[in-house]
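As structure tokens, the structure follows; a few thoughts come after it.
Order of writing sets the chain letters: A, B, C and D. Residues in each chain are counted from 1.
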């Protein structure tokens, strides 16, 4: 097994385990202005990623990401299925020619994921979605790449957390929360906080 | 107006006013093992007794009681309509030939009412119904008649209260409370307590 | 109290007005006697069928008025039998040469109101017969009560005699038929929550978050036993078993199965109960050939359900198949 | 949580199994894709009509499958759009030479799932068209949202295109018809209580005893405004007014009026709302010629209601009159 695949597996597994472990917390976040199922939906998809782990084509990084995408879009309903499925699919596709990606290529893969999410959901930064944590976190990761993978991931995690908390006060323009109008300002976005928690878990699990 | 009619009016009005004033208390009593509508049902009938007071045929005691009976059985639903309507009707009928009743005749009228209730509801003393307050109270009234109307009514009121409280612990054999089986023992019977409260009100209003 | 209500005292009249407004061609509301009747009743070629009882059980019984079902319903206030006077007036309005049939759920108040109303109406030469429905197996020891209660199974009695009355059956035949349906029908119910009568404004009884009441009637009165909340499967197994063993129903029988919601339980949950009940019956060789899942006889907003079984035969199948036009419109 | 539930994760599959068991001749449950379909579908002489969306809205949409209505429904989990894969598989199973029609309530998750499912199915040469339902006037400022939501009015779209599809209408004509029904339909809803998703086990939001939410959707999400609890009349006046002034409906119009219960509200209360709404419309010269009172599109056990209006014409009257055989059995 290559070191790249090893690390990709660590990241995917950590994300999946975090989704399963935080099922009720993520549901609570989605209850304030949404319909309370964000954690449930994610957990139903990612628990299959864990249980079917051995069948996820661990030949190289792109195929691992794409197989994960298929599980997610097959098994997650709601808004999150298409969004998260698209993100993993685009990231995997972007690495087709880079099975041993450099830091720059990882950043490019994450930008591809972001573009996919924007298209799929017709959303952008500022609409109060997970993009509001993911986009600044990837920027921070990129800016810190020169310091090595560990510090770069830590920078992403810290930015994601701050950005997720900053969604409180924003007006939701997409998803169910948008129907509550001004009242949506009172809470953080569930998806954004989900991204922050996952990123922190990856940071904690990472070994340079 | 005769003194007898005067006093009958006082009794009927006091009973009616007590039913209206205790609507929610009587409902609460009926909620424990019954369906919570005893106070509501009584109040809907007796409030018409009060509002239509002038039309109740105040020519003599029997016609006052019988007209009251008609209002009650026309307007009260549930078990209480037939029970209370029958009681007033039989009491009135028993006084047909005694428009100026003696104490003995009043007792006879109340016994006629009791017989009517027993027939109508196929119930008897010991079944945990209003009979368990009414029957001993009439006995006490009769026993104290020699002391004059005031003390006799007071004796009836005191007995009714004690008997009503004594229904706690009894097993309900009639009415909705009977369906709860052994659990019916935990509460006093709503109808019995209603009789006691009314009797006390009459006692308080009575002037010898 | 979380209810759509204006004046609690007008709860029933306003509801009846709404029902009549929604069905102007077929139903008439008579405010004086708080009744709903078919616009084309009475009909001297058909026995008139009347059901009364407290309100709060909707669609029973005011929404069961229509061709092939009831000719009129005279509800009382919430959970209170109608005053006997209303029974009398309803019977007079519906008087038919073929007679009038009173269908009564076996509760003290209802029986007394109908007894008195019948007496008054018979004095005016109206021919009246009575069917008492008492399908509730929760009432075990009928020595200590007025006997079993009439609950959701009552719909099967109405449906059968309603259909037969449209075919011109005599009053006598209808009584025999109704009693026969009642004799092969069993029901048992339970509550997950209490209910809130509009006039009371608060729940009739308190039930802990992890408790349930087994063997409730339909008037919000508590049941026979309070128990720890159980799974859907365990609950329906107990309700079903109480019905099956009571008649008893046995292998080879064809039955109608009704899962009746008590007012606050969504239909999704009722189908979960249905699925389990159907499988359990199949495993005992009892064949469900007719199913009824929904709200038939409720207790206001109570969360809970009852299970009813009816043993079928050719005549009952024919009558249950006959058209019924009632005020519960679907697409 | 006071619910009939075994394993919350099995809530939807167990419900679907129950529905199919209760309607063995007409409905089939396909567990692999969580779908309910007509046993006689697909039919190459008829466009196949599919509706998906989250569960928890029953009878929408799984109990609206049947002749004259939907050919299949592919529900997701409670309040979650189906995974796109299920949309794809359902579309393949229902593929007809005349094409497949997707009816989507306008929610982000549903749109994305159907977009992806449609792409996958079109790659296999299935002809597909889409109708978006967005009847909810509570969503005022569609600039800041994905647009109006699709709620209870969706039943009228299904009923009309379902009836027309039985007559052999083309896919193109059905799309035009469905869009036309949607364009003359308006709905506004409100909640007296929150609802409790089985997997969450507690209410989605807290609402004080004297509060209500105006302008809720059907997923238990809060509405636009929280207000002091009002009388039945005041509530229905506001809901109705929001609908009437939006299209607007005006004097001389003939309309269908639907009072839809959200799951925990008894039908007695819905008729109180109906009576008031019918009178208010009459006073404005708007004529109610069709009425629908009951549960059509719910939010689990939420107490609350929505009001829908549809402007009628001869074609719609004919289509709404056509028979519909759905899994909501009454007597």
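Observations, loosely collected:
Going forward, contacts are C-beta pairs under 8 Å (C-beta built on N, C-alpha and C of every residue); 3 or more make two chains touch, one makes a residue touch a chain.
Everything numeric here is computed off the predicted structure, so don't read it as measured data.
Contacts with chain C and chain D are shared by no chain at all. The mean-CA centres of chain B and chain C are about 32 angstrom from one another, to the nearest whole unit.
Computed from the mean C-alpha positions, the centre of chain A lies at a distance of 54 Å from the centre of chain C. Chain B has no residue in contact with two or more other chains. If each chain is drawn as a node and touching chains are joined, the picture is a simple open line.
Those chain pairs judged to touch are A-D, B-C, C-D. Partner chain C is touched in their complex by these residues of chain B: 24, 27, 31-37, 40-41, 44, 73-83, 85, 120-122, 171, 173-181, 183. Interface residues of chain C, counted against chain D in their complex, comprise 1-6, 11, 14-19, 21-23, 55-56, 58-59, 63-64, 68-69, 155, 158-159, 192-193, 209, 212, 229, 231-233, 235-236, 263-276, 278-279, 291-295, 298, 300-301, 303, 305, 324, 326, 328-331.
The part of chain C that touches chain B in the complex is made up of residues 9, 54, 76-85, 107-109, 112-113, 115-116, 138-139, 141, 144-146, 149, 197, 199-200, 204-205, 215, 217, 219-224.
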